[in-house]
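Sharing a structure with you now.
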Amino acid sequence: MWIFLGSECLFFGSLIATYLIFKGEIDLPPFPSETFIETAYLEEAVASGEITEVASHLCHESSEAGISVCEGIFDIPLTSQSTFVLLMSSVAMVLAVYGAQHNRPMMMKFWLLATMLLGVIFLGYQVYEFRTFGQEGLTLETSQFGASFFVLTGFHGTHVAVGVLILGSLLLASFRRRGLGSEPGFQVETAGLYWHFVDIVWIVIFTVLYLIPA
Amino acid sequence: MTEEALLRISQRWARRLLILAPAALTILFAACSDPQTTIEPRSDMTEAIQGVYEIVFWLSMFVFVAIMLLTLWLAVRYREQPGREAIQIHGHQRLEILWTIIPVAIVLIMLVPTWQVIADTTDTPPENSMVVEATGKQWWFEFKYPDLGITTANELHVQAGRPVHVKLYADDVIHSFWIPQLAGKVDMVPGHENDLWFTPNDDSAREEAYLGQCVEFCGASHANMRFRVFVHDEAGFNAWAENELSDALEPTTELGQLGATLFVVRCAECHTVRGTAASIADFGPDLTHIGSRETIAAGILDNNFENLVKWISNPAEIKPGIEPENDIIDKDPPLRFMRAFEDEISAEDIQAIAQYLTELK
Amino acid sequence: MATAAGTIAAPTTESVVWSWITTVDHKRIGALYGVTAFIFFLIGGVEALLIRTQLAVPNGTVIDAQLYNQLFTMHALTMIFLAIMPLGAAFFNYMVPLMIGARDVAFPRLNALSYWIFLFGGLVLTSSFFFGGAPDTGWFAYQPISSSQFAGSGMDFYVIGLMILGISSLAAALNFAVTIINLRAPGMTMMRLPVFIWMTFIVMFLLILALPVLTVALIQMLFDRQFTTSFFLPDGGGDPILWQHLFWVFGHPEVYILILPAMGVVSEVLPTFSRKPLFGYAAIVFAGIAIGFLGWAVWSHHMFTTGLGAVQQAVFSASTMAIGIPTGIKVFNWLATMWGGSIRFTTAMYFAIAFVAMFTIGGISGVMHASPPVDQQQQDTYFIVAHIHYVLVGGALFGVFSGLYYWWPKMTGRLLGETLGKWNFWLMFAGLNIAFFPMHFLGVSGMPRRIYTYDPNLGWDFWNLVATVGAFILALGVLFFIINVFKTQQREPDAGDNPWDAPTLEWATTSPPPEHDFDVIPEVHSREPVWYMRDHNMTTPDPEPGTHIHLPPPSYYPIIIAFGVLLLGLGPLSHLAVTALGVPVIIYGIWGWTLEPTE
């Protein structure tokens, strides 16, 4: 499992690198965070169809003449909530592993279920965020920012979803007569390793994408 | 097979290899006379490359011959023979250190001149360089001289002893710019600007063209994307530039005049002939002085009446991939290929246009 | 045996076909890999012969430009991903458990899954010929020429095919890394591992770390082609050079993925037939590790002509040339292994010695264009074609053939014919040099690669014709191998357990080995365990009566999951509904897989 996670590091590393490479090249809204640009440039971009009408609504005249201020698209308080949810799921995972290793099946089952639910809530946040961004004019084809953002967070979301499935199958299997077989601790621990990894990747993504300003 | 026979074979091969090695060298240098040779430099840039190449080449030859002989000698010397016992050793520290040092030394000898040439060729172009903007397109080269106001295609003209700074662009896909005797290759990447510069040697002016070719795979007719470079003395270059700057010549033959009329109707959509009504479009090659070029179709056909007729009639037969269905209209600039005019106009009309083009000296 | 709800009972029938489809035995999976890869190898060979036929004379008219471009692309993809890599996989599937003294790999069903996914991936890639044309922009698929604007559906097959193959290799790599770490026989310390195992081990890590980078590049390409992003498309603000970086970050370790197993094979064959231990074992192992590390720091040498800038050129030329150092150490140690030996010239040994010589030629020319200025004259010319073929044919492929002759008796109980073997060798050796040595000259006289035609007045005619003749001689050599195999398989098994008097553990069991590999797991006392047993007059202990050897039962689920992966991949090529169909198949497969009893 550790070796597999090494492989995954390279996977997300490449995606984050792509994002960082393109991050410097965003010169039209939607921007990740609040940005000032020349109004004339903005209007020209709308006129030539380079950005959509919707995206230009993120911007308005600033106090300085000829300069517009564009709202950042990231809603940091909201994403902080979802990050908190994911962090809590890791805590739940720790408790589930504890339960499995100390032969307390009810505890394990409960916390597995809790981890799964928290994962699903995180995914819910992500779906909501994607929808909002879409309405505000950020899509795959809007800009390099849109493309690399959606591909990166989308693949992270897929990893969370796969994690939920893994936990789900463990949970289902634990209801069998034989339970999780002779080594429940090992199986749950391996799943936990994966879950924590996905969690840590999200912390990195959250820091690099959301918290470090453009 | 008996051991004796094996020994005979290996000895025979050893002898042959010994004879072959110098033969190989002779052949390698015989490659000099080929028109696209990489080892007969005619500019400061290619001479600098050649300097590194020779060091690297001789070192490589030395290692090559040494290892081949060593392998053969070991194979023959330690073949199975009655009474021979293999020596049971696992290693030898001093020997192993020795053959770690040998490759390190060879690598260092290669690196120093390499770094020197990198530093020299990626510095800044000489102040007095003549700037040429070269753009790779599927499948031809456009050359613009912004200072002189000249636009031409597939034939680059430079002056011996005068530095040229080539700015490299691409319109569609990645191409690469290479004149083996004058300039080592640098890619033309869409969305990027690359540069290279070279000064043709003072004695490099000649009638015959130097050959260049696209060397990054760029689609169906990658093989058919070539160009020519003419190195002139000062007078020759100025004469060429003056002719290029002048407007197109009036056709003198009756057929040519008919062709001029047809050209405006049929060809002006893509091609420019300066000084005529056909001077709006700029995505086909500029044809103002096509009659003075040595070749057509990016250096793959001699420029004469028959070939022009053939080309206008059905260009895709000569250059696969330029069928109209491969056009990309919604691109900026659009990618549009030459159509097969035999489907659209009569053979007589095609001949008239071809005649007109031959007269655009 | 009770079955969990909704799952299929483990297969019990004796039908030959089903027993192969459901097998989880590493030896059978190795054989499947070998046969499949060899068939793909022949397909790749036919593609090569068509290419050479077209180029035999100037202005060739055998095939047109479009088909030529498909052929050179598919020749590279087939040889790299469907022939040489899986031929290596065949060996490490068959040999790794035997050489480390294990009964099977760590995850036998995962192993079967790798094979089936590989097979389906290979079929997807190759089937592109019949569905609107094969990939035609080179195996490196540079952008933007591989975008949906310029390239047809062939490139979708490229993306999907390589992704599927990537899953297969990743699963196999994890499996074998774990196997080598965990399942070694008692006494088999890391520094007693056969060099072949060491090289396999390094390859596994290269695969594990390199494949995700390719996967990301492929995903971004897929999005560019299908979902209107423009990661690599300059028109939408993307950067075609980013693709080159990602591709070569994968692509260069890939070169070592191809060559290291061959180096491993040769490091087994040379000592056996020189009748002495490998010279400088530790140096060879550490040189292999060094190559594995340095392989990550050289990718930009594929991009010297893209306008990298002086610093990058200087750094990457240094790191690239530095790879010559551990490689040189290896070559010297191999030669020193022959020194003082009593060399038996079997066909396997011929191939191994030829490997050392031919690989050295490829290595030397590689160091030549590690110098960026020199590369400006050699990049994308036939000089590079010569270089890669000396490395991949003279190197990787000769290594594979050496291994085939060396291990054939272990795998089948029969020794491959030596007379036909010598014909096989000399024809391939002559063909290799006649085909590829002249390409150095062609490159020096300025012939670019990937051109489907050339003019007669450029001085390239003669050597092109020679190269074509050489290619056919090489093919004839391969034909002799096939004849040899058929003739050999008609004979009675005659090999015995250890026909070569070889030192490693796989020779301590019968030929072919029993399903459980070893009756008793041997204990290892030295780097050459079989010679140690011979010199200390030890015999293999008899199994204690009544011991039950636990073997994993065959399973349907690997091929079911592989089929689901195939459906998943076929979606973007046909209709997304197919992808949707694949998901339940995979979930069902995983469900059954987890619940399937393994005792």
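A, B and C are the chain letters, set down in written order, and residue numbers restart from 1 in every chain.
Rule of thumb we're sticking to: a contact is a pair of C-beta atoms (placed from the backbone, for glycine too) under 8 Å apart; a residue touches a chain by one contact, two chains touch by 3 or more.
A quick note: this is a predicted structure, and the numbers were derived from the prediction, not measured.
Student: For the protein chains shown, what form does their contact graph take: line, ring, star, complete or other?
Tutor: It is a line, because the chains touch in a row without closing up.
Student: Let me check something: if the centre of a chain is the mean of its CA atoms, which chain is farthest from chain B?
Tutor: A
Student: Roughly how far is chain A from chain C, centre to centre by C-alpha average, rounded to an integer in Å?
Tutor: Computed value for the inter-centroid distance: 37 Å.
Student: When the centre of a chain is set as the mean of its C-alpha atoms, what distance in Å lies between chain A and chain B?
Tutor: Those two chain centres are 48 Å apart.
Student: Multi-chain contacts only, two chains or more: what residues does chain C have there?
Tutor: Expected reply: 238-239.
Student: What residues in chain A touch two or more of the other chains?
Tutor: none
Student: Looking at the complex, which residues from chain A come into contact with chain C?
Tutor: Interface residues on the chain A side: 3-4, 6-8, 10-11, 14-15, 18, 21-22, 25, 140-141, 143-144, 146-148, 151, 155, 165, 169, 173, 176.
Student: Report the residues of chain C in contact with chain A in the complex, numbered from low to high.
Tutor: On the chain C side, the touching residues are 4, 170, 174, 177-178, 205, 208-213, 215-217, 219-220, 223, 227-231, 236-239, 242, 246, 249, 587, 590-591, 594-595.
Student: What residues of chain C sit close enough to touch chain B in their complex?
Tutor: Spelled out, the residues of chain C in touch with chain B are 64-66, 69, 137-138, 142, 144-145, 149-150, 234-235, 238-241, 274-283, 305-307, 309-310, 313-314, 317-318, 321-322, 324-325, 327-329, 331-333, 335-336, 338-345, 353, 356-357, 360-361, 364-365, 367-368, 370-374, 376-381, 418-419, 422, 437, 440-441, 443-455, 457-460.
Student: Could you list, by residue number, the parts of chain B that touch chain C in their complex?
Tutor: My answer: residues 1, 3, 6, 24, 27-28, 31, 33-39, 46, 48-49, 52-53, 56-57, 60, 63-64, 67-68, 70-71, 74-75, 78-81, 84-92, 95-96, 99-100, 102-104, 106-107, 110-111, 114-115, 117-119, 121-123, 168, 172-174, 176, 178, 180, 184-187, 189-192, 194-195, 211, 213-224, 300, 320-321, 328, 331-332.
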